[in-house]
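Listed below are the structures to be examined.
In what follows, chain A forms one complex with chain B and a second complex with chain C.
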Partner chain A sequence: MKEIVNRLKEKFPVTAEIYQRDDLTFVTVEKKYGVDAVAYLKEYEGFTHLVLLTAVDWLEEGEFQLTYLLNNPKAKHDIGLRVRIDRETAEMQTAHHLWPAVTTYEQELNEMFGISFPGSPRQGHRFILDEAWQGPPPYRRDFDTKKYSEETYFPRPGRSKIDPSEHMKKKLYPEGM
Partner chain B sequence: MFTFNEDRSLFPRHDEKGKPIVDVESGQFTKIWQGPIHPGMTGNMSLELTIQGDEIMDCVTHVGYLHRGFEKLMERRRFIQCFPICVRVAVPEPDFNEYCLASTIEELSGIEVPEAANWMRTLLLEMSRLQSYLAQMGGQGSSFGLGLIGQWTIWARDLVLDRFEEITGGRIYHMHMPPGGVRSLLPAGFVGRMNETLDEISAVMEEVERVLFHNSVFKKRAIGLGYIDPNWVDEYGITGPNARAAGVAKDVRKDNPYLMYDRLDFDVHLEYESDVFARAKVRYRDILTTIDLIRQILPQVPTKGEFMAEVPNVLHWKIPYGETYKRAECTRGEYGYYTVTDGSGYPRRINVRGPSYTHAVTLMEKMAINLNIADTAGVMSSLHTYPPEVER
Partner chain C sequence: MEKFKDFKKRTVIAPDGEKIEIDPMKDYYCDAIPTPRKDYDKIPGILENFKNWARSESLWILAYGSGCGAIEMRPLMTPKHDAYRFGIQWRPTPRQANLLMISGYLSVKTLRIVVRAYEQMPSPKYVMGLGSCTINGGMYWDSYNTINRLDHFMPVDTYVTGCMPRPEALIAGFDELKKIIRAGKGVGADKYAENFAWYKENQKKILGDVGLPEYSW
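Our next item is the complex of A and B:
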């Protein structure tokens, strides 16, 4: 694994490397080299299988971390390529030309995290969420599910609510305690 | 009989860039929805089909009917509270979720699992694989009108669920592998009863082999249907039996051995025709392998000894910053959990990598083109997809 990371370092500036296991390494590159590094690993180092593409929300640092987890089926090891992008602009180059399956991942990240991938097909098309969804991207950490549902959804008008403790009090002690 | 002589792969007409021209306004096409409630669909998802005659011209997968936001829910819960949530991600096969989540948490917090627990986990995962394959085999038969296969295999699956109930107390959701080990070892007399169950299932599988794989209806419809090119395997991220039926030896149990698989003796079965029939054959032979594996594992599971490692107080369990990915081979392919922790008592992010994510969306959309609408259900069930994995 070390040789692969060293060769990657010659091509692109690697800012961090973590050797998690014998068969799993994480490296960080800058945003502008992200997709190029993924393409390099795919074409020249044999990491032909894209395991997953996902985002981690580092709210406190104001950044998203994109993780491209690649697998080399011959050497049987994985490399996780991490890219930090700004949380405000939240934009990244698309990688759908490398694997057709990336389209779905990017569509989901666009919908759930609000990260845009200009040029990727199906950006803005709903995947998991309802067509009528108006709220912010729900997988961001500052999205409060409870608050959103309390503000957006409301009980049917005319519905009466019975508080169990009040109900039992009335039933057991009709004349008062 | 009328046959098409022209090259059907170029139908409908293509523009200069090779993109098919599907003009829904022209009146030549019909749009129909297969799903979300349809006997031919595997779970609650739907295919938006554009058809001409009975041939599919365009297909878009729609999911979202089952979205419960498991990944988001897990971010707001302590590590032990994630445990009963994660099993709900894949209903027919929950044990792989338990194992993957538990092993990522163990790796990040540096916990060594006792050997007895590893043997128990291997046994539970193989039993889970067996019952999931049996259910799929029934669905595969039913999608071509052979309902009998389903009646036999679902009966056989129930026997495995009985054995699960003996060990764990649950039939569908077992929750037997918390981070640190397993909840118990085998109950008394279990080995004999499990061997009896395996004998019964072997007998059923012999019948299934005779009735399904020598059935002229199944052969006529399944052979040559739903071809997956071996070159697509890496492009579309295909894993598991779908890749093995295309002649690509992909099996996490062999490639990155986890638990006790490096001490067990088994083969990876390959087929090269890469159609629905070949995929059913791969799964059939995998069932026999699984029965053999359970027979190998049973005598090696310790009857006494340590089965749970020392874990911190689960209500105050904090895991330092780290991230890792753990995978296991489930019946559909590579199943994995990517877990990121940040030093707090809650996970920063848990991402589930389900094999259906690519199979049901990108691959199915590609395979549906030029397919007869009557064959959609057969192709869909031969990919063995579960929608909850797609939308987590």
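Our next item is the complex of A and C:
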């Protein structure tokens, strides 16, 4: 895996690398090299299978982290290519020309995280959420799901919560510890 | 309604030579809102009692599972619990069913379908909520995509609590529903018609105006 990362380093500036297992590595590149690096790994290093494309919301740092997890079926290796993008603009180049399945991942990220991929088909079309969804992207960490539910879905009053440790203390030691 | 604009009126000749006008928009959708029966909760008499007895002994369920609770209905169909001996059976379309079971959590997308199915069922119709999700949201009470209270969207005759209730609890729930129907209190369809504006307002708050006809019988 080290050789692959070294070859990748010659082409693109790699900002971080994690050797998690013998067959699993994560490398981080800058946003402008992201899709090119994925294309390079697919065409020249044999990572022909896209396992997933996912996002992590780093709210405190004001960034989204995209992970393209690629698989080399012959060598049985996985490589995760990470890209950090700005949270305010939340925009990334599309990679749907490499695998058609990327379209679905990009549509989901667009809907649930509000990340836009200009040029990707089906952007802005509803996928998992209902057609009438009005709220903000629900997977963003600053989206308050409880508050949204209470405002929208007619909560039934009188719902109480029992702390498990307090409940067991009372039940097992009614006279006190 | 926009996508059905190609559905034009046409005339069809019946086997006996009669000419019949067909208007697909009128055939598929009804613009008229439903009306309740007059004094529906005080209809007296032997005939009504007999009808209620017949209704309670033939609960036909729409075989539609909205959530995880649908898995509890399968053992009821099999010989172990055999719900058919109580006159209960599962039907493939809303037109043949009179009991709608909301089995577990309802996501917003599913609510859209359930409202259509409920409106398409012939009167008198009954609704049974299964599991705590239909009562107050259950474990999905703070989810952004599941509704909390079923009774804001359609009248519910009886609930079966639990997460999930066992098939035996469902049979007890059927017994309870039978008692309600025989007492003449299974008037959900009339209540839906009476408070139609309120139910529609609640539905539209969540579903918007997208793809919902005003009323689909």
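Please note the rule applied: the second predicted complex is superposed on the first by the 154 of 177 C-alpha atoms of A that agree within 3 Å, B and C clash if a C-alpha of one lies under 4 Å from a C-alpha of the other, contacts with A are read in each partner's own complex, and residues count from 1 in each chain.
Here is the rule we go by: a contact is a pair of C-beta atoms (placed from the backbone, for glycine too) under 8 Å apart; a residue touches a chain by one contact, two chains touch by 3 or more.
All of these numbers come straight from a predicted model, not from anything done at the bench.
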item	value
Three-chain arrangement built on chain A, chain B and chain C clash or fit	fit
Touching partner for A:54 - first (chain B), second (chain C), both, neither	first
Residue contacts with chain A in the superposition, chain B compared against chain C	B
Touching partner for A:116 - first (chain B), second (chain C), both, neither	neither
First, second, both or neither for A:93, with chain B first and chain C second	neither
First (chain B), second (chain C), both or neither touched by A:132	second
Partner chain in contact with A:145 - chain B first, chain C second, else both or neither	both
First (chain B), second (chain C), both or neither touched by A:21	first
Chain B versus chain C - smallest C-alpha distance in the overlay, whole Å	5
Common interface residues of chain A - those touching chain B in one complex and chain C in the other	129-130, 138, 145
Chain C-facing residues of chain A, complex	129-135, 138, 143, 145-146, 148-150, 152-156, 159
Chain A-touching residues of chain B, taken from the complex the two chains share	63-64, 67, 69, 71-72, 75, 107, 234-237, 250, 255-256, 322-325, 327, 334, 336, 338, 340, 348-349, 351, 353, 357-358, 361-363, 366, 391
Chain B partner contacts - residues on chain A that touch it in the complex	18, 20-21, 23-24, 26, 48-52, 54, 56-58, 67, 69, 73, 76, 78, 80, 99-101, 103-104, 126-130, 138-139, 141, 145
Residue ranges of chain C in contact with chain A within the complex	107-109, 112, 135-137, 141-149, 152, 202, 205-211
